[in-house]
Amino acid sequence: MASTTITNAPNPNRRALLATGFALAYVVVAVLALILVDRNSLWYPLYNVFAYSMYVLSPILIISLPIPNPIKFGGLAILLLIVTPMLGIYNNSYMEIAVQICIFAGLALGLNIVVGFAGLLDLGYVAFFAVGAYLWAVFTSTSETVFKLNGWLVPGEMFWVFLVIGVFIAAFVGILLGLPVLRLRGDYLAIVTLGFGEVIRILARNANDPINITNGAQGLIGIGKPPVPDLLHGITNEAIRIMSLRVDNPGFVAQQLLFYLIAVGLLVLIIVISRRLEDSPIGRAWTAIREDEVAAKAMGVPLVRMKLAAFATGASFGGAIGVLYAAKQAFVDPTSFVLLQSIIILAMVIVGGMGSIRGVILGAIAMTLLNLHVLTNLSLQLNALRNVNFIVPIIDFPIRNWPNQLEPAKYQPLIFGLVLVLMMIFRPEGLMPAERRKLELKAEREESAGLDEQAAPQPKGDA
Amino acid sequence: MSDIVLHVENLHSYYGHIHALKGISVDVKKGEIVTLIGTNGAGKSTTLRTISGVLRPKRGTVTLKGQNITGMRPHEVAALGVSHVPEGRRIFPQLTVMENLDMGAWNVSDKKLIETRKEEVFTLFPRLRERINQLGGTLSGGEQQMLAIGRALMTRPEVLLLDEPSMGLAPVLVELIFDIIQKINKEQGTTILLVEQNALMALEIATRGYVLQTGEIVMNNDAKVLLKDERVRKAYLGEE
Amino acid sequence: AQDNVIKIASQTPLSGPQSVLGVSMRNAVELAIEQLSGPIEELGFKIEFVPYDDEAKPDKGTSNANLIVADESILVVIGHLNSGVALPASEVYNGSNLAMISPANTNPNITDRGYPTVSRVCGRDDLQGPTGAEFANQLGVKSVYVLHDTTAYGEGVARFFRQRAEELGITVLGFEGTEETANFDSLIQPILALNPEMVYFGGIYSQMGIFLSQARAQGFDGLFMGPDGTDSSEFAQLAGEAGVGTYYTSVAGPANIYPNAAQFIEDYKEKFGEPPQPFAAQAYDATAIALLGLQSAIEEAGGKPTREQVAKAIRAVTDYEGLTGTITFDANGDPEIGLYYVLQVVSADPAEWSNNELLATLEIPSPLTAAAAKEE
Amino acid sequence: MGAILTVTNLVKSFGGIAAVRDVSVNVEEGSISSIIGPNGAGKTTLFNLLTGIYKPDSGSIMFNGQSLVGKRPDQVNKAGMSRTFQNIRLFPSMTVIENVMVGMHSRLKISLFDAIVRTKKFYEQEAHVVEKAHRLLKFVGIDEHANEISRNLPYGDQRRIEVARALASDPKLVLLDEPTAGMNPQESTEAMNLFRKIRDELGVTVVLIEHDMRVVMGISEYIAVLDYGQKISEGTPNDVRNDPRVIEAYLGRRTTSTEAAQ
Amino acid sequence: MSTTATVQDRPVAPKANTLELVQQSWIYRFLLFPIGQMLIFIAGATILLTVIAYAIAIAFPAPNPNIDLVTQINRQLPGMIISGVSIGFVYSMIALGYTLVYGVLQFINFAHSELFMVGSATGFVVMKALEDNGVLKEWNPILMILFMLVCAMTVSGILAMLMERIAYRPLRGAPRLVPLITAIGISFFLIDFVRAGFAITRNEFNLTYPVRSLEMFATPVRVAIGETTVNVRTTSIMIIISAVIMLVILNYIVNGTKLGRGIRAVAQDQTMSGLLGVNVNLMISLTFLIGGAFGGAAGMLFGMNVGTITPYVGFLPGLKAFTAAVLGGIGNITGALLGGLTIGIVEAFLNGVLVYYPALGQRYTDILTFSVLILILIFRPTGILGKRVDEKV
């Protein structure tokens, strides 16, 4: 984009070289840290917190390197398509978190189109995710739904077709929702989307009576998975052999690997589409709408059509991810699509940096790690220390005396909330803000040093 | 120098990285009308905003009647008798005309006094009396400007900071506003610091003037002298 | 390095609104390991306990499940509270042949999938619900209003109750689900207007207790019945006098009859300073079975067993005399014979909870066992 | 040349306030015209009605042979009428050139598909858009600031961006609402030259609202005067300047005399 | 000053007549008018919904042959109205907090529902303490409720102020979504903090108000209408009375006092208010204090009414109240009031009728309530009372 400013470092070549060297060293250290550790050691959980978090952040590091694109993307491809799968086979939990990160990053990017690009606050984004998930689920679940009773089920091979159908259905639902409500402003839109999210969830929960479509609160079990190609089985077995691992069920690992590859593929596709839309007349129109709706429409931007495009695009990402999610979880029930989920996805967008693709991904990584990895492992660490009756040196405090009530596992929401608050207070522009937003925010905050000015530039005359 | 009401020395203000004021010094004596003129973006409004505390300066001091008020918050400055009518009038759109005036009297607790002052304002601007219960946001531009000035007068300020009171007004109203400024100054003895694009008219009613250019004062003299100055005439009065 | 360490994991909600139950289950597992791992330690192995928090969320549960299977020293999982979490998580466990014993998932689907790794020590909704209906019929109830909490558990058991009740000729005046946890006014109005002889609430004590106290305060004077989610002294606390006379079905033996159970409650209180909640006794039993299975697997393997061996050994445990009855698993992992009890609350005092009156005991075979019996 | 814009009996009221009552105006193609009048006379409201931001209560707007009543703002823009705002309304955190590029939106033919797949058409059009935006920025004289964030530019330059943005959709007519408000005399002289250039070089009809009589009288060929929502006078600058009703309601005696002196 | 005269060419407003004098009087503006408005609205809404309910009952008889819908509605009607109105007032009081803060800072304070929760928890703690000290039965019930109200309002109000000071003030000037996320963070934090607090000190977090031990609250008032007797809980009546009193007071504060004018001014233009001498930060703090206090009061009243609360109790009423605030026109105080009542009453009626159609049931109440919301917003995009601001360009 024309706006990006070029850093004028004294010697860009040397800088690039240095940075690349650093990144390389970083990745190598992270990978070694992950494979060389003794998994039975006392401090493993804590260690794991750092080692894996470090590793997961490496794609962002590589993306930010000031080196030519082919090299950058080559490196990234190696990292994502070779190193991560190997690590994932070596330790399945790494693959799991990687898949979850891809899923949430994809969702966050979808919401980013709506909130970050077009500036429409959508609090019910999870509805589109649900649409995608239920779409695949009802057609493959072994639960006793009308689909099964009437023999409408489809085999796992159809996954790919449904991925595409999911995109369109979700986009369609997005438009359906958008048509009546897009004339609403800001917070009015927020409440309606929130309501819509709840409506979809309530429908999913209740559409088991009188006709059983979704199996209601029981959820749909035994959802189909895309068949694993032989090649992938081969690769997995080979990898297991090379690393001389003892794996109980290689087929399961291969399946996980397949999901990982699909998730990465989808995510890359979503990133590319986001990028291209952002840097196009459509992206410019979205920004214009976000900044000044009246001026935008007076300058010839058709508001409703552009907003619908944003809704539909964001929704379609959610739909595709939903199909993947259903297949991966093999189980779908309404509790995965609660308001809280929408809010967490929104938090990813904002914590990362609204409108910044890289930032949003980072936000998704940070929040997913925090939720699934960091807090869990900290609890495990405490538990491990308790099991060996560890005595904290210096203060001579036996961990075992640590009251049961104060176990960190019980305080995950508390810690999570605190982290959110602190992150926003110290980095209100997000972890990796979009260039545009950074400027915007800086100006505003400097000014509010004295007193808070109106966000818009000084009105010059009125009436 | 005891008659200096407002003393501004070597003021530096920033908007982010933009260095908007680069060492401004201004003195205003009691009962004077002093005008700041200058091109767009010269920093005139910024000077007023720094004085009234909307912006905090990086360096420099603002002294009001011998008291250092640098970096005070706007409501504290206002309590000391400084009224600032900012650019763009800033009427409270959802308050009625009456309530807007009441807001002006925020620091006055004597109810009777408030009533008398309102009367004074209505005498100055009979048009406002007709619109007592109209919402501020629906007034026309000129009416809003009257209301903004009237609101600022509710405290009987010692110092009135006026930022482009004539902007966007019909010629007939421009005249009216200038007349009123003079009247306030003469009848109530209010000291006025006036920022104007309409340099000609401003200099005509002012005692002294300062010329600003990109954040610095480039000229500073009696209004009469400035009016005759070659450069001023050329740059700010639009003469070829 | 530590090849002699065997870990037992638990996965239950430790945070969030359902943490009361989840924590209690986790505590019971810890208690069981502490009390019962002696024989295994004699074999030279150390049992470690690793509790995980599934937050009652399927994603979190699945992701934890992957963490769990990645830790090779974990050989058994005790969990979960919610069927919605157990179903996807057990897919992961099963994928790695890791045995899961469920103390609380009464949803039929848990075992109906026929996984060799997945067993449960609790009853099934499709047996417990009907038990309640049968009992209501015995009481001579003619009309009933059925409520549930819209969860897989609550709705499941309520449906089976309704189905059986209709078969028995009881008029079902209404069937409603609610997410509400505090203000039940709008639920109560139509019930008062319909005036059913009994209200059946498929859910958990925290919701039922509040509902019942409000319903009584507004003049509902019919009978009230719930499933095993009722079985907590907290119910008496919440419902107060309104709760006295409440019927509930349970799969856990009442403490005042089973000396083991009484002892368990005492030990639990002593260790954790509070009474155990519903499903704690089942969690204790599940752990005990896990330990038995481990022991025989170790003995068989002559060293550290594989997960597959452990899962097999657990299934092979027969006639385990637990707090909640005698358990032998069928091929799907259900207890062959489920014991279902019907009890009645006798006092508003929580301390009196263990004295609740046992009205009936039913032995119901699991579907698989029943089918086998029919064939013979 | 005939009238490019014909407004007949336009009426608009807000609640009880009749902002525009029965206004009829003709704008000749290729002319520079002004609308003046006291504050609150309904000038801006008239612009808002023309550009579809407000819907008229009654009356007709014929522009370039088609009726604009009931058209949305973006449709009006596409039909060839573009505008600036009384309170500058740029997209504050977009760069200068991006602002102008947004102005071209109604002339672009890009679908989501083109943007995602990056068809040849897309690249060609983007190249054209950038080139044309630079041309317009040169035209108004701020091309050197093309890549700056627009909110950081001084006020006068922001006005120019607005003009360039308004011209980006190749309009036949531009409406400029107080384009020289807050400018000093020297700057407004430059602005006047720019408006002439718009008409002379681009052949775009110009209609402005102004309170600065020097500008109004200096460049308008035709002036309409509104007061309380009604047209009270119209004609050449000379006609209007000497109309007693205009002097009474709007000009005031002193302005008339100072201006005469210049 | 010859020019002054030329501007004054519009007729002067006519002299006020007696009706206008009455309308300007204090009693009318701050007592009769707001209460009248509430009554008329409640009456209108219930009559409308009653008619609809009967129409539905006659047009679509219940599928269950054992049930005659018209009789059912006859029996339920008084109960539905009272429960709808009382929960409606609870929503209104919470919605006010959303609306006040929104009016001043233009952001949705998602943590507001937790102020409600903290209020209800405070009410519990106070009442429990009274019981433990044996004074519960001795105190005059009205006095006791007042005392509990004051405690709940103080705690929630101060908490709201702290929240603003710590988590929102540093973010002023940041994009609007940023404080939204901090608010969500605070919400998580507060819920878990309260849960942990009670879990540690009392080993449980189901908090049962000791209302049952009080004669006055334990037994409902029985009102016989025709052959049906209706049980009305004293606590419901208490909610309605307290809410009306408090709403009248709030209306007076906001529209009739200098403080209120200051708050409204800050809501519209902070800089300008500062320039006129208003301590902007103080006004914002006070706004949070008032909003928080109302949330706290609602929480305590709600707690007494339902008997048992948990740290998670804020979510649903919070969501409904947020909806109510938007429905009424966010930023508009009367709007919040009417929005809350609308949602409460509509919900009560939907619940009361839907229950008889097994294919629908109460589980669809929320969907239908949202449909009502969407429908209203489609026709009035800024809520019932929101001003239709065609943005002035």
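Chains: A, B, C, D and E, in written order; residue numbering restarts at 1 for each.
Keep in mind that, in the parts below, a contact is a pair of C-beta atoms (placed from the backbone, for glycine too) under 8 Å apart; a residue touches a chain by one contact, two chains touch by 3 or more.
Keep in mind it's a predicted model, so treat the numbers as computed, not measured.
Chain centres were defined as the mean of their Cα atoms; on that basis the chain farthest from chain B turns out to be C.
Distance from the centre of chain E peaks at D, each centre being the average of the chain's Cα atoms. Chain centres here are Cα means. That of chain B falls 31 Å from that of chain D. Chain geometry summary: the mean Cα position of chain A and that of chain E are 36 Å apart.
Centroids of chain A and chain D (each the mean of its C-alpha atoms) stand 45 Å apart. In chain D, the residues that touch at least two other chains are 14, 39-40, 44, 53, 85-87, 89, 152, 155, 178, 181-182, 249, 252. Residue positions 3, 6, 192, 269, 271, 274, 280, 358, 361, 363, 392-393 of chain E are each in touch with at least two other chains. For chain C, the set of residues that touch two or more other chains comprises 15, 19, 150, 177. Contact residues on chain E toward chain A in their complex (touch as defined above): 102, 108, 167, 170-182, 184-193, 196, 199-200, 269-271, 274, 280, 319, 322-323, 326, 330, 358-359, 361, 363-364, 366-367, 370, 373-374, 377-378, 381-383, 391-393. Only residues 1, 3-4, 6-8, 10, 12-13, 258, 261-262, 264-265, 267-269, 271-280, 392 of chain E touch chain B when the two sit together in their complex. On the chain D side of its complex with chain A, the touching residues are 39-40, 44, 51, 53, 72-74, 77-78, 82-83, 85-95, 97-98, 101-108, 110, 112, 114-116, 118, 122, 125-126, 129-130, 146-147, 149, 151-152, 155, 158, 165-166, 168-169, 178, 181-182. Remark: chain A residues 115, 121, 180-181, 183-188, 190-192, 194-196, 198-199, 202-203, 205-206, 209-210, 294, 298, 339, 343, 346-347, 350-351, 354, 403, 405-406, 410-414, 416-421, 424-425, 428-429, 437, 440-441, 444-445, 447-448, 451-455, 462-463 touch chain E in the complex. Residue ranges of chain C in contact with chain A, taken from their complex: 1-2, 5, 14-16, 19, 23, 27, 48-53, 55-60, 62-64, 66-67, 69-73, 83-84, 87-88, 91, 95-97, 107, 109, 113, 150-152, 154-156, 177, 272, 306-308.
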